[in-house]
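Please read the structure below before turning to the comments.
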Amino acid sequence: MYPPLKSRSRKAGLPPGVLMPSDTKGGTVVTWVNYDQEKFTEKVYSVLPESFPIDKSSGINWIHVQGIAHSEIIESLGSQFKLHRLITEDIATPGQRPKVEEYDRYVFLIIRSLDYYEDHGGHVEDEQISIVLFDNLILSFQEKNNTLFDSVRERLRLKRGNMRKLSADYLAYALIDMIVDNYFILLDKIGGNLEKMEEHLTSYPKEHLVEDIHNLRREMIFIRRSIWPLREVISRLLRQESNHFSKATLFYLRDVYDHAIQVIDAIEMFRDLIAGMLDLYRSSVTQRLNEVIKILTIVSTVFCPLTFLTGLFGMNFSYMPGLQWQYGFFVAIGIMIIVALCMLGYIKHKKWL
Amino acid sequence: MYPPLKSRSRKAGLPPGVLMPSDTKGGTVVTWVNYDQEKFTEKVYSVLPESFPIDKSSGINWIHVQGIAHSEIIESLGSQFKLHRLITEDIATPGQRPKVEEYDRYVFLIIRSLDYYEDHGGHVEDEQISIVLFDNLILSFQEKNNTLFDSVRERLRLKRGNMRKLSADYLAYALIDMIVDNYFILLDKIGGNLEKMEEHLTSYPKEHLVEDIHNLRREMIFIRRSIWPLREVISRLLRQESNHFSKATLFYLRDVYDHAIQVIDAIEMFRDLIAGMLDLYRSSVTQRLNEVIKILTIVSTVFCPLTFLTGLFGMNFSYMPGLQWQYGFFVAIGIMIIVALCMLGYIKHKKWL
Amino acid sequence: MYPPLKSRSRKAGLPPGVLMPSDTKGGTVVTWVNYDQEKFTEKVYSVLPESFPIDKSSGINWIHVQGIAHSEIIESLGSQFKLHRLITEDIATPGQRPKVEEYDRYVFLIIRSLDYYEDHGGHVEDEQISIVLFDNLILSFQEKNNTLFDSVRERLRLKRGNMRKLSADYLAYALIDMIVDNYFILLDKIGGNLEKMEEHLTSYPKEHLVEDIHNLRREMIFIRRSIWPLREVISRLLRQESNHFSKATLFYLRDVYDHAIQVIDAIEMFRDLIAGMLDLYRSSVTQRLNEVIKILTIVSTVFCPLTFLTGLFGMNFSYMPGLQWQYGFFVAIGIMIIVALCMLGYIKHKKWL
Amino acid sequence: MYPPLKSRSRKAGLPPGVLMPSDTKGGTVVTWVNYDQEKFTEKVYSVLPESFPIDKSSGINWIHVQGIAHSEIIESLGSQFKLHRLITEDIATPGQRPKVEEYDRYVFLIIRSLDYYEDHGGHVEDEQISIVLFDNLILSFQEKNNTLFDSVRERLRLKRGNMRKLSADYLAYALIDMIVDNYFILLDKIGGNLEKMEEHLTSYPKEHLVEDIHNLRREMIFIRRSIWPLREVISRLLRQESNHFSKATLFYLRDVYDHAIQVIDAIEMFRDLIAGMLDLYRSSVTQRLNEVIKILTIVSTVFCPLTFLTGLFGMNFSYMPGLQWQYGFFVAIGIMIIVALCMLGYIKHKKWL
Amino acid sequence: MYPPLKSRSRKAGLPPGVLMPSDTKGGTVVTWVNYDQEKFTEKVYSVLPESFPIDKSSGINWIHVQGIAHSEIIESLGSQFKLHRLITEDIATPGQRPKVEEYDRYVFLIIRSLDYYEDHGGHVEDEQISIVLFDNLILSFQEKNNTLFDSVRERLRLKRGNMRKLSADYLAYALIDMIVDNYFILLDKIGGNLEKMEEHLTSYPKEHLVEDIHNLRREMIFIRRSIWPLREVISRLLRQESNHFSKATLFYLRDVYDHAIQVIDAIEMFRDLIAGMLDLYRSSVTQRLNEVIKILTIVSTVFCPLTFLTGLFGMNFSYMPGLQWQYGFFVAIGIMIIVALCMLGYIKHKKWL
């Protein structure tokens, strides 16, 4: 449930920079894409090659690692491209907070990608994406082995958009943009779910529903925690302390920044809406309780006196006036009707019906 | 319900700057107004002309696009006036957050206009207004096809105020002012609605009412989200980083800024008031519950012992003392009256009546 | 209820600077006071004179307008002393937020004065005070026609304190101080009211009381909104960006600033106290509910089994053991007593009594 | 209850700097201590002497005023040492907010000293301490006539610590430290009280207890309001804008600053703890309510059908099957037992027992 | 319970810098470790030696004091290494807030180490760690006598990692890192506990559980208070105002800073989760209450009229129609069945079943 705590707590007492075998299941696939405006080559490895023939003149390179289970691959890439060992440790340890660190030779970014599955109130799965941006090289690491970045590669291969013409920092932007766009899909799904829940609320509310709402609220806490720091991350890139991003790309990054703020806005709004729904639910539950108790009170108020009267006339005293009287029964019934009407009148007066 | 999420989530994986056909219904009308202190010409197009004969000497131009359904019109205007394609994308994508972006040649503004319809607790409809301010030209885009800016055009045509004498930035101010003034109408209506609800609360509260209040509270969340960023937008214009606004117009903008703050103040106040009303509602519901249960308890407390006594004297034992006694019945009645009085006394003592 | 929204919403679509006839009832009285260390003259006008013979050498002048119903008077003063028309608009439009604006020739201030009337939970009435401070002239405008500033004029006339010796900015300080001092009176009254309510709470709580508390809470929202911005207003004057206030007067302004902070402190404290009282009220209501339900449960728990037993022995079967037995009745009574004692013992054990 | 409001509200309309006779009861005692490393003299006055023979060479002087009821003493001291009349007014007006004001010749400090009395939830009494620090002179004023600073004088007299060797600013530090140390005593007492309340909560909760907790919560509001500004006061002294504190003393002041933050931390923590206790109390009350209602429902559910059955067999129809039957009674009893067991089984199934 | 308040409140009125005998039980063990890349010597003292032969050339020295009960040891170390007496006082007084103070010769740090014991909702024990970092010397003080830093010493002894090659500031980092890593263990345990509680919540909720959740919530308040200031402490070290930390070590410190933020994030998340759980618990309790009351109402609603009817036919009037009729009983039964069905139909209609 709380992987960052787990993975980190197992490391207590070890020297920094030690990579632990990850809990994450699944193989590790490494994809090397080399492209410039003319050419596009793509190689897939399941075992890391000795070294990547990357030099200044070879166009733009993108080495993408899917699945971080095999920490030796990360370590090998780290040593080949001379990453600080704390960075390789961060890459190999799932559950990091989104952050950016700028160095002379590269920028290091961690972002969290989120997926939403619609079961009871829905649950969210996230994975950690690490990006290292060099001058003409991008290393990217993905916690799980899925197809998140396939469409970016597709756009490169098919020369869609003008990514092929642009430099490595634009590719970094495209990856970040991809992840942030996914947030919109996520929030769109949650928004739909919220709408459905809201409709259920106004009809008959079920216990099941509250648990779903609470569940969704809990997921929002996780989502918020994963996305919130992103704002600062991008804002820091925009402040342009290093020169890893060109001015043109910064323009696009500013667009991503706007999106990130929209996402955070929507998260806050959803939290407010969920709080409002729980409030409304509570109101309606109390309302129903009131109604049920009113019925109980009405029934008791009407029948208690009547039952008392029947008991009264059912007593076995030898000398009871009226019992022998011919119209006694009818008079008794009459009294009861009058009492019942009085009680009903009182209830009417109290506006319970 | 959450258009920004929807429209954005459909774009995931596409290159930036792609315009999607908008969901917004209705045609697109383009109005070109050209004016200076002497002349005023106005042309309405439903198909965009090849190009607008706009040059430095031709007075002030205002091209207003009502309805953004036909994205090709936005694209064509964008290319004619050399807008960045991310800007045309923003214009064509409803649901943007209010923002301002300053460039060398122009300032780009997004603001949200709000309308309030008074059904159950009321609901709010908003639309996105995009304004691009050049030196002697304003492009404005309106999400829906309505009469929002007709009164501004009217003032220009009839030479009311001194807008005709002033430059394009004053026109931009007039448009922003128009939108912010509409917020006051909106809030005035909501204020009236709140007052009505408050009156209902102090009289007999109905289930219906809570739902209305909750509904209004939800709408306030949307309103807040639409208006809140405006404050920063105008404050940024006031900080005057570019020179698109003259000093005289900045003075008027400061007035709009004051109004924006008043609007935000009022929104916060309304939120507080709504929270207070829900609180009061809850108090009164609990109060009523207490009263109902008191009645129930009083009835039970009085009649349970009496019914027991009648049952006692109704038992069929052959040998029961008093049954044969001539005054037995009356003594029994007496006992019952005493018991009832004791019970009522106890209730009185507890201050339940 | 929300005058700023109302007055502003009627202006939507009009050019800025247009003065609307105010809703405020009552006439407009203009008082011109001219004084220096030696002389003191005071003139009262109900119709504005052509012009005020004010020059640099004529001592200090204070033109005070009570009641802003006649907007032509404001307009005329505005044109005579060359105020920007947005300022005259602000002066004539009640419901402005406290603010300060510094210009070359003058400082413009809006402050809100508050009065408290002690009916159900009390209600607050506020009015807008506008002050324009020139070098040796003060214009002040008061929304309503009351005696707010009479004591200041009195002090001037009677040469109490050393106001007569000091410059116009000290008079401005005196006016602000007067308003802030009134806040203390207001809060003192509310404090007294709170104390009374608190006493009522610990004795028998009534429905009426909750409504009063809620009412007071709502008034606190209004008060807070009126006073809160004052802090920033004075703090801005203290930062001394213009030179309209002398160093000596700034010293006194700092005193007012301290008072403003004390007032805001007290408001926050009152809000906390009110929240606490509502909380305590809810606790005590729940407590009472519990008690009532306990009584109900005790009565039912004791008498249900007993009534069942009487019913049992009241059945009409021909062959029922014990009915004919001489001691049957007494044994039955005995059983009932035992059952009742068991039930009471159980209740005792549960600590309900 | 709210002395600052009261004392300030009485002054509305008066010129600034007027001293009102204080409400505070009790006499005024003035103590003059003169000391350096060798000598220590102490004189106690109940009537102020003409003047204090204080000059640069006379060592360090500490004039301490206990009780501010006699405002003429404050006024006389103020004029003798040339204090601004707003400062003498602040000294003579109880209920000021903690603050620091730095002048050329002296620093003026207001701090609030707190005492806690352990009655229902405890109540807090505070008094205002004003300190004026000159180069070799300290004036200190204490609202009430108690022994707060006796231990400091004792330390001076007995030459404990090295206060005698150090300058006047160290004495000022010692006074502030004394007051802040008292906060720890206060919070320690409250902490003990909280612990006791917490123990009571887990055992049987009484109505009385909630009121105590609420009472304590209210006192925390007052305490917070008195202490919170202290943080800023000391932090401002530390920023060392004037040179009234030597670098060595600033080191000690930083220690006091740490203590002040600890105190504020503890206050916030207590507020959280109190909120948690009230929450837990509410939970336990609801829990008890549930239990009581369960018992009620169980009793009703079991006995209502049984009583109905006895009533059924108690009807007086001539022709009722089974009444004459020899085993009728026992079969009826059997039916009742079966019904009762069914009901109990249902209750068991619902997990109410 | 609140040791800092207790220990501090006992000092009120004493001069600063006085060491009080600590409440902490247990002996004091001093360990002196001297190491460089080649050598490693370790000596354990229970009585402090006259002096430590530490000079510039002797490699790196680490003097670690376990247990602060014997304040004379702290005092002696303080005088030997010329610490300010306020620092020795801080070291000897448990319950300090985490802080950092930078001096010319050394940096002084206080951090709190936390341990979690899993009883009812768990409880947390914390201890105070003080670290003084000189150029080639570290003094560290631990409140309790436990094995917290043994693994660091182990790493030094076994030359694991490259700590032996690095300077004293890296050792300081290693100690801080050790403590922060322990927070992850703590939070991991709490996370597990939370999960277990959440599972219990969805199954049958017990009173016991709420108390555990409240207990955990209270512990979170303490944890938060202990860890929150750490963020600022490390951030201050990173701002590098002194030069006690080398650039390489700062890199590692930044890693610790990231971890501290993760820890604080997790704490906030846990607080949100706990609040959500309490909310869900309340919902489910109310839900259960509603169900119980529904059953009560159903039973009463069905049987009250029936019992009334049996009472009616059980009255002893001589002349009652139908009693003598042969089918009277069966008709009465029929009426009762119809009444019961009507009542059940009504209940069905209300959707209570």
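Residue numbering begins at 1 within each chain, and the chains themselves are lettered A, B, C, D and E in the order written.
Following the convention adopted for this analysis, a contact is a pair of C-beta atoms (placed from the backbone, for glycine too) under 8 Å apart; a residue touches a chain by one contact, two chains touch by 3 or more.
What you see is a predicted model, and the numbers here were worked out from it, not measured in a lab.
Each step here moves to a touching chain, and the least such steps from chain B to chain E number 2.
Under the touch definition stated at the top, chain C and chain E share these contacting partners: D.
Taking only C-alpha atoms, you rotate chain B by 145 degrees to land it on chain D; that is to the nearest 5. Centre-to-centre, using mean CA coordinates, chain B is 26 Å away from chain C.
Counting partners per residue, chain A has 286, 289, 293, 296, 300, 304, 307, 311, 314-316, 320 as the residues that reach two or more other chains.
Arrangement of the chains shown, judged by which pairs touch: one closed cycle in which each chain has exactly two touching partners. For chain E in complex with chain D, the residues that touch the partner chain are 1-2, 4-6, 8-9, 11-13, 15-16, 84, 86, 96-97, 99, 101, 204, 207, 210-211, 214, 217-218, 221-222, 225, 278, 281-282, 285-286, 288-289, 291-293, 295-296, 299-300, 303-304, 306-307, 310-311, 313-316, 320, 322-329, 332. Across the complex, chain A meets chain B through its residues 151-152, 155, 160-163, 174, 177-178, 181-182, 184-185, 187-188, 191, 195, 202, 251-252, 254-255, 258-259, 261-262, 265-266, 269, 272-273, 276, 279-280, 283-284, 286-287, 289-290, 293-294, 296-297, 300-301, 304-305, 307-308, 311-312, 314-321, 350-352.
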